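Letters A, B and C name the chains as they come in the text, with residue numbers starting at 1 for each one.
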């Protein structure tokens, strides 16, 4: 049966036989880069259409239904429109930073992609501090937002950026603590180790209630970190028109838009990897027969299935809840989520030391 | 004096909300002085849709001027028209046939429900929840269809005329309204489930935009804005017109003084309006729909004031007549104008994110404020 | 009747005011508006705390300010009118008695040109700030935007 790891292996073999190892490596890197960019474009299109269809379903409407079959090409048409639109730079804006910001946002999102395992043995870079790397790089996105808000020379943008800064910095704490819970249980920062540790059951099942709590906190905090409703204060359409990207138009706006969706994908992929076993099929302890049946489903399908389920949950949040206020948002983090996740981490540590988990 | 008011401290951030802004529901322009995220002052700048309807009416006849009022508070067009015809009828001392009176009240209450439903969706959208907006439109559409059948239009009905109503009810009217009552009763619990009982929604509205009992009176607030502060101000109860004094309904009062109280007043009012519709829909008396009036109406010399309870509060028409075919002077007392004047008082010291919750809870319709 | 009530509650009011009982509400014509307003607002038998309509009428020879007041305690209504000179209309502001008057007076100021003394913030609310004439006066002409029927 064909799988991603097999295809990758064949290409790698062929390249190494044909070229010298250095050239082969260079070609592989270029290939990976192209694939990542391709994946980005594809994800952007798919997620936008998915969001529109999900919201349409929740709002008893049809959603896009004119371009292509069932409107599936709508986001492609939108991208085309955004590409040919003029990218305005407002007078009085810091031109360099203004143009830089969308790229910082994109690059930040791209970098986090590196250690994610898309399928069995299919990973760009299985570095031994994978989790640390992800938490470190994902906080770069706030810089892009701050740059954009500052450079736009617009009060709405500045307010949005400041809100976003306060929000992301504080929510990273709880996100980090809930990720640490899994690191404590696994005893490794390497993503492949974390996935392999879930071969006999995903952490969300093995880790009793504390891990479920950590998972819920993780979901809440990543929703906040990606600036999505109910935590979309950086944009806050009804208050700040569009927040930090008020002044952006054309492709520069599209890059922010894309970065948001890529970020959503990435945090959901991380959530799926840490709590739901990544590409690991649903295994239950020692039920050999059941586990074998589950193994027949390709690992990439498991990974994308879980990720898209989490994305759907986050979209569900967005189309259900009203927005919080900035002080309530910070209260929620500092008064509730942070103490809870700290205590929860303590419980999980005790659990890991005593070996109470399955 | 002007300079003194306009100068601000150096750290203050002055931002313009509107005239093009997603949550001002039209072209309201607010100049907000901020200290960080805290509001120091809100200054409304009006007039972006000012059509000077009052001046226009001075050259329109008593039949014509009623039509302009549909364009003021376009969400309660029937009620505005109703107030005007009441004022003209007061001048003519005209008795309206009972059938017309019942039809008017039915239309008023359906309009009130439609207006409140739309407000509910828009208010939730102001707070960042977009889905309720679409759910609200689902129910509003049914009312609009009912209106369209009888009146021919969906927004600016122009259905009332001095002496009665313009046409008789459509044969389908009763059936459709019965269907609507059934539908709405099944959907209202959904509204509460989706928005009212939501923790974030309650957090966002409770204690936000406090308007004390005394302030509500002093600022001339009316309608749900006043009743949310416990001020009894329902014109239908206090100064009943048509046959409201024969109907069973309650004035919805809340004492929370905040946005949530105003929200609850409107939610309860929808139920009360629905019960009024239920009481009347099977008891529409037979008979004429118009009293006999002359083709050209001339009001006797004098001054006439009529007031009705519109969806937003007390709507009043003040006609000064010199005995001619056109009014000498008309003043429309619009509820939004007075309610808006309380916004500054409510907003001071609150967060900018709450401003939309306050504006939303006042249910501002800009053409109604600007006239 | 209400007329007598008012007279007993506010002795000395006759010197500046005259009454008209016609129509639905009592109408008082006054020349000493601020004094009367304070008494109407404060007197325990009157307590007119709710100013629901404030407007002006241009009678070509003079202007008339019209105040519609009601009481949320006693539920009675009154209309107070005050004659103003058309060339130099001036009247005391009541925005500190009824706060809603602040907005209404600004509207009357720009549309009729009535100058409200001691108003905290008297400037155009609806019209642009550099607007010169007063649209709701009877002699207002605008060849572009006004259509004569």
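Rule of thumb we're sticking to: contacts are C-beta pairs under 8 Å (C-beta built on N, C-alpha and C of every residue); 3 or more make two chains touch, one makes a residue touch a chain.
Since the model is a prediction, treat every value here as computed from it, not as a measurement.
Student: Can you figure out the chain closest to the middle, judged by Cα centres?
Tutor: Here the chain at the core of the arrangement is B.
Student: Please flag the chain sitting at the greatest distance from chain A, going by CA centroids.
Tutor: C
Student: Take the average of all CA coordinates in chain A, do the same for chain C, and state the distance between these two points in whole angstrom.
Tutor: Comparing mean C-alpha positions, chain C is 63 Å from chain A.
Student: Please compute the C-alpha centroid of chain A, do the same for chain B, then give the distance between them in whole Å.
Tutor: Computed from C-alpha means, the inter-chain centre distance equals 45 Å.
Student: If you average the CA atoms of chain B and of chain C, how many Å lie between those two points?
Tutor: That pair's centroid distance is 25 Å.
Student: Where in chain A do residues touch two or more other chains at once?
Tutor: Within chain A, no residue touches at least two other chains.
Student: If you look only at chain B, which of its residues touch chain C in the complex?
Tutor: Counting only chain B, the residues touching chain C are 1-2, 5, 44-47, 50, 52, 54-55, 59-60, 215, 217-222, 231-233, 238, 302-305, 307, 314, 316, 318, 320, 328-329, 331, 333, 337-338, 340-342, 345, 370.
Student: Touching residues of chain A toward chain B in the complex: what are they?
Tutor: Residues in contact with chain B: 55, 58-61, 155-156, 159, 163, 229-230, 232-233, 236-239, 241, 319-328.
Student: Write out the stretch or stretches of chain C touching chain B in their complex.
Tutor: Residues 22-25, 49-53, 55, 57-58, 66, 68, 72, 75, 79, 98-100, 102-104, 107, 120-121, 123, 125-128, 135-136, 140, 146, 148-149 of chain C touch chain B in their complex.
Student: Quick one: in the complex, what on chain B touches chain A?
Tutor: Touching chain A from chain B are residues 13, 15, 21-23, 37, 124-131, 133-135, 138, 194-195, 198, 200-201, 203-204, 351-356.
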